[in-house]
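What follows is a single structure, written as structure tokens, with notes after it.
A, B, C and D label the chains in the order they appear, each numbered from 1.
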Amino acid sequence: MTTLLAVLALICLAPAVAAVLVRNLIHSALLFVLAWLGLAAFYLALGAEFVAFAQALVYVGGVSMVALFAVLLTRPGRTDLLPPPSAARAVGGLAAVSLVASMLASSLFWSRLPSMEPTAPIPLRRLGELLAGPYLVAVLLVGLILTVALIGGLLLAAPRRPAEGADA
Amino acid sequence: MLHASHLWLIPALPLLAAAVGAAAPRTARRLPVALALGAIIGSFLLSLAALAGALAAPAAKLTANFTWFWAGSTAVRLGWLLDPLGALMSVLVCGVSVLVFIFSTAYLRDDPRLGRFFTCLSLFVAAMLGLLVANSLLLLLVCWELVGLASYLLIGFWFERPAAAAAAKKAFITTRLGDLGFLLGLLWLFHATGSSLFYDGGAGVLEGGALERLAATTLPGGWTAATGIGLLLFAGAVGKSGQFPLHVWLPDAMEGPTPVSALIHAATMVAAGVFLVARVFPLMAADQGLGGVPVHALTAVAVIGSVTALLGALLAVAQTDIKRVLAYSTVSQLGYMMLAVGVGAWEAAVFHLITHACFKALLFLGSGSVIHAAHHEQDARRLGGLATRMRFTYVTFLLGTGALIGLPLVFSGFWSKEAVLHAAELWPVSHLPFLAGLAGVVLTAFYMTRLVSETFLGRARGDGAAHAHESPRAMTLSLAVLAVASVAAGWIGTPAWPWLQSQLTGAPVAAHGLGEGLGLMILSTVLVGAGIAAGGWMYAHSPRADDRAPDPLARRFPGVFAALVARLWIDEFYAATVGRLLRGAAALAAWLERWVWGGLVSLTGRVAETTGEVNRAIDEDGLNTGFDRASDGLRDAAQRYSRAQTGEVQGYLRAVVVGLAVLALLLVWGGIR
Amino acid sequence: MSPLHLCLALSAALFCTGLVAVLIRGNAILVLLGVELMLNAANLNFLAFWRFGPGGGEAGLVFVLFSIAVAAAEAAVGMALVIAVHRHLRSIRIADANRLKG
Amino acid sequence: MSTDYALLFRALLPEALLTATALLVIGLDLAWGPGRSRGSRLQMAVGAGLLGLVAAALVVWQDGSQGTVWAGNLRLDLLAVAVRLGVLGLAALSLLGLTGARASDQPAEYVGLALLATVGFLQMAVAQNLLLAFLALELASLSLYVLAGYDRGRPESAEAALKYFLQGGVSAALLLFGFSLLYGITGRIDLTGISVALAAHSDASLGAVAVGMVLAAFGFKAAVAPFHPWAPDVYQGAPPMSAALIASASKLAGLAFFWRILWSGLGSLSATSSLTGGAGGGWVPVLAAMCAVSLLLGNLVALAQVSVRRLLAYSAIGHAGALGLGLLAAGEVGPGPMFYYAATYGLASVGAFACLALLERAGDGDRIEDLAGLRRRSPLIAACLAVFVLSLAGIPPLAGFFGKFVVFAAALRIDGLGHPAGWVALLAIAMSALALYYYLILLKQAWIADDARARGRVDVPPAAALGLVLAAALLLVLGAFPALLLGRF
């Protein structure tokens, strides 16, 4: 179990790190997609099939497509290569992240989490009952959130009609 | 006779007048004036009735309390209080207000905003009266702040003048510094006793049980809660009553119309601080201190009072603006009152407060009459020779002067000042307040002689003075009434017949014969004589020839005079200390900001740069002048800090992340368990 | 190393990777994807605790389902905002959006 | 569980009403709007939105507190009712103010999104488990991001929205991560279960990280330093009534939200006996430190601002310090003072932004000098602005003063100066003097300075005037009778 998870963890992490490091925007976005696929596989190994499915669908199918669209729409035109981040920003950012990283690492190191037997996976039918039962309110809220995202996304991204520009 | 539960009518009348006046259309100029006059006269009659009620039972604290709201399980209660102190003060405030209102109708007759002026005045008087009849420290604070707000509006009434706008702001902000202490004291008191009522049938904060508890609660350092709260409340009084070191606003406040100066910066508003200290006197005296001598809070009051009394008189000596001389004189006299409270004789302080209100209102209105006649010339160097042109004003002004410097036996100021000095002499802790008081007596006589000589004697040294005429009837009427009061108000508290003191304390005060105080009276008479002689010799004997001639005092003692003109460099001191501190802090803060924002790379360069910044800031501050520069320093600090907000969102996020790490570190260090 | 610790370590690493993208990449889209990665790290935590944690119960698993949906919504709004900014500035360099400051 | 559906529907009726209104407004605009002027479309949308808000408020008022419903997942206690009413009222005032703002291209969608954001606020006030809390927060936040970027004609609006979104996204990620750790430590996501489990046992290090992340998210929501930097840019760049919602209703709901999480859920980590006992910190001293920094920074930097909106933003950061103090004290004395402060602060903020919106519609900039001569150009705006600003400054007898008074009194009531909150209260009192300085600068411009450019009168539509007068009157009434709010707790 642990070995499998460790291998999958590397498969997730390596593209994620690479995505942050490469300079080409398209490459970077694709590497992110790879990392998300890896994560879906990781979820699968954890026994959360439905979540893995949702992850693959939403991220690989949805978020990455939106990202690529955005890349294409906003393309600088001449080149996909962006100037590298300024040294000051990189160092400042890395210093800040290293603080957080050491915080997380030390808290993990000191934590006394009991090692338990894995819980049994949840059958899909039970999941459906849960969503219609105790989590009904959450389902309703998520519906509203997606509505807002839909309306908002359309409003913000839609080009302005020339008539509107005149009197603004 | 007015019952305590109807006391709210006294402030309600002017408040109503202000509300209606504010809503009145601009075309109805006379309406707010008529309303204000009617309301204040009504309040005057009501406060007379209240006084009658209070004097019927001077020792009883008649209250009418009610619950204002519940905060959780704690009731916040308010109420009205009828006792001789509040009732006397109400009569005084209403009486002076009536006269000042009448005076103002003539003084501001041609001002297009006459209606607004009276609306503000009514609001001010309403707040002041509310302060006097409040039986709750919270209610008192609310009125106190309203008084401040109204005075802000009135000082800045001629807002076209930048000086007036600046003075209004300075007054508001400086007094607010003291108010912070007041608010803290209130919160502490509320926290410690669960009530803010003064008297509540034994459960109020100024009554037995609460006082004992406050005096028994000790803080680290051996202080008692009573002392701490007393000192904080006194801080509020320091701001409002222009005591050292927050006196800087009062002289500047003379930018307002002169009736305003008379009403709020001589007779009533500044007296609010003294009133507050007198009101909470039982609390301040609750801590018995060493050997039965109340030392802690009251000692501070006595010290500050003495310093202010002396300092105000010294600073008045070198002023050339009539109103500023009177303003510093007010500072000095308020110092006397605080001194008296500090040495334990709060009834003497109230006595002096009453007489001072009469004669200082008279002097201010007299100076207003002069300024009005001399076409708004208020520099004494360009006046002169008005004694013949404005005989009535001159005579009343002389009477006011006599009262202020305490000419013996007849004038009110003599008796009240005698009461103050007598108490100071008997103070067992130190003789310094007494000596400061005596020195103030000489100085007061000196600067008032100088003022009268320069303004009224000699010959006219300017166009305004040369063409002056006596003021209209409405003005002289007010002067006449106040002149009578200035002379006679002292007769209610002479050592031979201490009626006022008996009424205030609610217990008969034994009349001490003339013998006991005779030495002091003779001494102060001699001192007054010396002051008049010195002033007369320097100024009246050989008046300056024209407005550019140097001051006689400056000819003889140039160094001293320069120091006094520069107001003993107190403003500069503020700029140098407060301003420098702020800039140092700002430089430090900017340095920290840049470090976090800009990353470690440029660290070395930044250190050098920032060190230079700090040096530069300190150098520049050495040259700065003025109390107002302290606030500039503050703004400067803010700008430096503001620049750290570079507009780059990743910089913001860096701050967020670093902040998160610091939070976690603090939490781990604090030990979440 | 127990599976739980391994999961948590991976999640911490992903979280920090996302944070690096947020803090130092100059491109607004990559910054957004970095935020998504941070959300993913939190999801991983939920799943790991659901599977190996002390409490048991299905809450962690269900939580992840919802938070994936929320992340998608956030991504949509975020991308729309990037496009809106691009319309005005003709740039997706995040440092160019610095008109508001002080 | 199924028997509860009726109860659940009853409890969520206000949300359902608002959602229906939002969809109705958008649908009506699609059917009726084309070809009509922006003004009439705006009026239709605002009118319908107000009806929805009033209906929701009536339902909330009618039902009162119902205890917990839906197996303890929603808590409709007194605070919930109060916060819901407050949020609905502030949203209604924002909509009224909208009629005085520059008309946007798509008014119906704006109103619809504002209503959906309000649904989020309503849920934030009642959520009793981490999942619902997170979703409610996200619903509100996402709507607000869009509203902040709504003015598509101005690059500042888009920039503000992007910055708001990025910081919001990062803090949402932090909050989610913190929630996941809480779930990991306790195995529960309901607040009661979490507090029981934490009291029994807690893992020191992970707990600290979780609490830190929750506090960071609170800092973002309430603009407490050092999580504040978004605030000035968003207040300046966003359309004025969006900024008003962010400054008022969102803060009120956020406070109730974090009150529940921090006290109902993480109360056992608060360690209120803290520094005096020496036994250990807990999050109370840390939050107190955040408040102190916020008070200092906000009030100091406000002095340097030339833009009215940025000035309000920095003053908001200062106020956030006081609000955080109220949150601290709420563990000891209940949420009454905190609620009073947040509600009255929200009123003043909405009012001030409504004034600015009117001025901006008249073509003015948002620099402080642009206020010059306001007294002549519109006495109504000048008078209302004076009430709002004086209330923010804490001048009695306006509500702002009593907000300060009750919060500071509550903070000192915990343990006087024996508790860090007492010291922060002292600092807050000192800072209120500093704050007065910059508030007076605003008033001086509006009331005293003369307009060099001799601009014309400012037109005030009746609905906007109604909003202004309502807000000002409420500040006066609540200041004179604080019991109207405080008495309910």
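Keep this in mind: contacts are C-beta pairs under 8 Å (C-beta built on N, C-alpha and C of every residue); 3 or more make two chains touch, one makes a residue touch a chain.
Since the structure is predicted, the reported quantities are computational estimates derived from the model, not experimental observations.
A.B. asks: State the pair with the higher C-beta contact count; candidates are A-D and C-D.
C.D. replies: The comparison resolves to C-D.
A.B. asks: Could you tell me the distance, in whole angstrom, between the mean C-alpha positions of chain A and chain D?
C.D. replies: So the centre of chain A lies 29 Å away from the centre of chain D.
A.B. asks: How far is the middle of chain C from the middle of chain D, if each middle is the mean of its Cα atoms, in Å?
C.D. replies: Chain centres of chain C and chain D, defined by C-alpha means, are spaced 25 Å apart.
A.B. asks: In whole angstrom, how far does the Cα centroid of chain B sit from the Cα centroid of chain C?
C.D. replies: That pair's centroid distance is 60 Å.
A.B. asks: Distance between chain B and chain D based on Cα centroids, please, to the nearest Å.
C.D. replies: Going by mean C-alpha positions, chain B sits 40 Å from chain D.
A.B. asks: Multi-chain contacts in chain C: which residues touch at least two other chains?
C.D. replies: Answer for chain C, listing residues that touch two or more other chains: 15, 18-19, 22-24, 31-32, 43, 48, 53-54, 56, 62, 66, 70, 73-74, 77, 81-82, 84, 87, 94, 97-102.
A.B. asks: Counting only residues that touch at least 2 other chains, which ones in chain B make the list?
C.D. replies: Within chain B, the residues that touch at least two other chains are 642, 645, 647, 649-650, 653-654, 657-658, 660, 664, 668.
A.B. asks: Two or more other chains touching the same residue: where does that happen in chain A?
C.D. replies: In chain A, residues 89-90, 92-93, 96-97, 100, 103-104, 107-108, 113, 135, 138, 142, 145, 148-149, 152, 155-156, 160 touch at least two other chains, as defined above.
A.B. asks: Which category does the touching pattern between chains fall into here: line, ring, star, complete, or other?
C.D. replies: Basically all the chains touch each other, so complete.
A.B. asks: Going by the contact rule at the top, pick out the chain D residues touching chain B in the complex.
C.D. replies: Chain D reaches chain B through residues 162-163, 166-167, 170-171, 174, 202, 204-205, 207-209, 211-213, 215-216, 219-220, 225-227, 229-230, 232-233, 269, 271, 274, 280-283, 285-286, 289-290, 297, 300-305, 333-334, 336-337, 395-397, 401, 405-406, 408-409, 412-413, 416, 425-426, 429-430, 432-434, 436-437, 440, 444, 448, 481-483, 486-487, 489.
A.B. asks: Give the list of chain A residues in touch with chain B in this complex.
C.D. replies: Touching chain B from chain A are residues 87-93, 95-97, 99-100, 103, 107.
A.B. asks: Provide the residue numbers of chain B that touch chain A in the complex, in ascending order.
C.D. replies: Residues 596-602, 650, 654, 657-658, 660-661, 664-665, 668 of chain B touch chain A in their complex.
A.B. asks: Once bound in the complex, which stretches of chain B touch chain C?
C.D. replies: Those in contact with chain C are residues 642-643, 645-650, 653-654, 657.
A.B. asks: Could you please specify the touching residues of chain A with respect to chain D in the complex?
C.D. replies: Contacts found on chain A: 103-104, 106-113, 133-138, 140-142, 144-145, 147-149, 151-152, 155-156, 160, 164-165, 168.
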